[in-house]
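We call the chains A, B and C, going by the order they appear; numbering starts again at 1 in every chain.
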Amino acid sequence: MTTTSAPRRVALFVTCLVDLYRPTVGFAAVKLLEQAGCRVEVPETQTCCGQPAYNSGDNATSAELARSVIEAFESYDYTVAPSGSCAGMIRYYPRLFETEPDWQARARALAERTFELMSFLTDVCGMTTVEAGLAETVTYHDSCSGLRQLGVKEQPRQLLQGVRGLRLKEMADAEVCCGFGGTFCVKYPEISGRMVADKADAVAATGATTVLGGDLGCLLNIAGRLKAVGSPVKVRHAAEVLAGMTDRPGLGDPEPG
Amino acid sequence: MTQARSHEFRTRAVQALRDETLKSALARAKDGFVLKRRQALDALPEYEALRDRAVAIKNHTLEYLDHYLERYEEAVIRQGGHVHWAENAEEACRIVVEICRQAGARSVTKGKSMVGEEVGVNDALEAAGMEVVETDLGEYIIQLANEPPSHIIAPAVHKTRGQISDLFHKHHARYGLTEKLVEVPDLVNEARQVLRQKYLDADVGITGANFLIAETGSNIIVTNEGNGDLTNTLPKVHIVTAGIEKVVPTLEDATTLLRLLPRSATGQQITSYTTLSTGPRRPGDPDGPEAYHVVLVDNGRSAMLRDEFREMLRCIRCGACMNHCPVYGAVGGHAYGWVYPGPMGSVLTPLTLGLREAKDLPNACTLNGRCADVCPVRIPLPDLLRSLRHRQFQHQLGTRRARWALRLWAWLAQRPGLYRRVTTLQVRTLRLLGGRRGRLRFLPLAGAWFRGGRVLPAPEGETFMRAWRRRGKNP
Amino acid sequence: MSGARERILAAVRQGLGREALPVASREALDARLRSTVEPDQHLRPRLAEGDIGYLFRARLQSVSATHEPLGSEAYVPAAVAAYLDSRHLEGPVAVAPCLRALDWRRAGLDPRFGQSHGEDVLCVSRAFCAIAETGTLVLLSGPDNPTTLNFLPDHHLVVLHAPDLVSHIEDAWTRIRAREGDWPRTVNLITGPSRTADVEQTIQLGAHGPRSLHVLMVDPGDR
């Protein structure tokens, strides 16, 4: 798929939620990146991008975590995360080093080469289709950071069109926040609960059997609500479908048998 | 200053969420505003360029605010008007009350003014023994209900037709209007009838200003009902209350902003009435006020020029941010506890009333960014909210528990080896608790997640990093 | 009070991190104030191709205003009489003094010339100009054209002369500046009748101002 002689060296930023909750998404990301002709590595020292601290106003802690990420990832051609939110956080890194020009330059260099998975596959690697099938009607939730900070909107839809048998049915207010918001969902659970209930209703109204998205935080939230009200709608990261790795039950669904 | 209840955000938000009437009112309003704005902007190919120009105009004006305020003042005086300066809410109220007293005023009509709400001018006038009548229908409704506005352009957006019918029935009996009306045209007509007499009887009319024009000394108000015009034309004294950030250099500058304001607010190309008032009536004029006063209010604005919050002074009060805010859409405007709700209010309130009083407001936001997306003057609202969180953090205003949780997490995240061992254990435990169901219905210390009416999906059972290493994938 | 003025201006300057502006800068800013040429002409919304009269009438319609063509201003009284008749309106009529010279008696009308006090069922005023971009009438206050006529009646009729139709809002400012005398006390940009959506977002005409707005477009060429 690529035309350059040397394959792109891509570092996968797994994200803490994928690491903890849904390793399948990580493997799906690796598979897709390799299909796109990248050489994928997973830096060993990675943990957290620092977003919880940044969004809580603790810029110093956030900067400390950012330094670790910069050191671990700056030697690669690209850094790719299966999350608009975490990739977006890395794009914010230069802001954390306003008084440290050296670090700011390093932060900027990393930020410029950091991408959300699906937009990286299409916009950088030129991927137009995938080798996968799913005979279902799905709907897609646009996660806020990906959508508004990184401009991820058409890329996942374009790739999903290449999935055999898949039919995409848009939900109402697909671009409206699901109410996750990182620590927001536990700081203001009642408000968050109303927002995700609205989201779950919008999902259900499409009649889709699976809801997809590009950020595990939102997906855990949406699954948490759908499963609490006994909805059969499956919740998955879009990468699972694009990589043809849909053997596992959806988020919050029981193991078969 | 209007009594603040922002510190009660949490409890008021939860109460609001339980209010089914409010829920339907908010849903109706939100859908209307969002759709109409979209349609108006789809028909304006110049929108993005106009936004850029609007930002440039506001930034330029703020950069030279002292100069433009002086030029504006000179122009007002040249046209026979008076300019008063108020550093804070109390001073603004004192000035307005004094003008009214000197005019021998007993009755005062008011056009909608958010600065008026901000400084609490109604209370001050009533305390001075004057009758104050809000004339914007929405403001009139909430005045009868004795409530603050819940939206900056649609103050009574939270009220249903039934509630308005009850209010009118209760309060209009003293005018001999005893029939209980329920249909929208009838309600509007009844208010028209009652307020018409108030306009004619008023001694002083107070309006806000959408823009102040340095070139001509005019104030511009943008309305649909015509209430602002009856308020500034009929009484013998017209008082304009305006924040100092409302000044713009020329009418051409105001025109750019006028092309954005109604479209962003109600989806209108232009409102029914856009009115420029410049000084008192001229020789030979058969109508218009005999005296024209402007009260320029600082109340914390000059301090916002110092840092990143200067961007907030670009705000033209269109309300698009709240119309598109999912938190506002869930809890409504009253939960925010002061006159400015939603995203713009969550920035302005802490800056005006203090970080402690408005502790929740910068945090009660998912930073989803939709507000910044729709802001016609490109105010980076989420960034400003994050800045406020940073200030709160520096002042140690968060809960001790949240601070420690964050600190522990960060400490752990900087020790990858330990982090791996802890997360592996965590994931195994959660997996075990989730069992075959694949979900948890409760988890100690994480009760808040479940209070949102959610279960917690169980993890797969092994961390990615461990699985990856086991497969020996890294070269 | 002057103390507050100085303190606010000082606080503004402190916020901006500078002293009062030097004379040269102030002169540059004043030049910007005087030169009302728009820096970005291209930011005027592009209007649909063709006749701006057609666009103006379409805009009027979209804001629930009505209009009728008249071959001459002399026909205004008859048009007003017909308007009253067709709607079975009765009651006092007030007319802007600038239209006093017309033959109202021949149309069977005996209007009052001057401001309104609120009892009029219909008022007639004359537009200084109108804006095709938005379907807006521009009315200036003055002895000849009292402001109260624009807001107190149920029915507001406005005489507009075809050559006074301009394309954009800025053109109206240019015209007002070009006329003799000071900037007017009141400039009313009126676009359709009074309306409100404050009860359940339902649009209702005639909130506090006129319930209907009717434009009498005088165009001798439009015969």
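The criterion applied here is as follows: a residue touches a chain if its C-beta (ideal position, glycine included) is under 8 Å from a C-beta of that chain, and two chains touch if they have at least 3 such contacts.
Being a predicted model, the structure only gives us computed values, none of them experimental.
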item	value
Graph class of chain-chain contacts, one of line, ring, star, complete, other	line
Chain located farthest away, centre of chain B as origin (C-alpha)	A
Between chain C and chain B, distance of the C-alpha-averaged centres to the nearest whole Å	29
Centre distance in Å when chain A and chain B are each reduced to the mean of their C-alpha atoms	33
Computed distance of Cα centres, chain C from chain A, in Å	54
Contacting residues of chain C [partner chain B, same complex]	1, 4-5, 7-9, 11-17, 20-21, 25-26, 29-30, 32-33, 36-38, 40, 42-46, 59, 63, 114-115, 117-118, 134-136, 141-143, 146-148, 150-152, 169-170, 173, 182-202, 204, 206-210
Complex contacts: residues of chain B adjacent to chain C	25, 28-29, 32, 44-46, 49-50, 53, 63-71, 79, 84-87, 91, 95, 135-138, 141, 154-157, 160-161, 164, 184-185, 187-189, 191-192, 195-196, 199-200, 214-218, 224-227, 229-230, 233-234, 244, 249-252, 255-256, 258-259, 266, 269-282, 284-288, 296, 298, 302-306, 310
Complex interface listing, chain B residues touching chain A	10, 13-14, 17, 326-327, 330-331, 363-370, 372-373, 386, 388-394, 398, 402, 406-407, 409-410, 412-414, 416, 419, 423, 426-427, 436-439, 446, 448-460, 462-465, 467-469, 473-475
Of all residues in chain A, those that touch chain B in their complex	14, 16, 18-24, 26-27, 30, 41-42, 44-48, 50, 52-59, 61, 64-65, 68, 144-145, 148-149, 175-177, 179-198, 220-221, 223-225, 227-228, 235, 248-249, 251-255
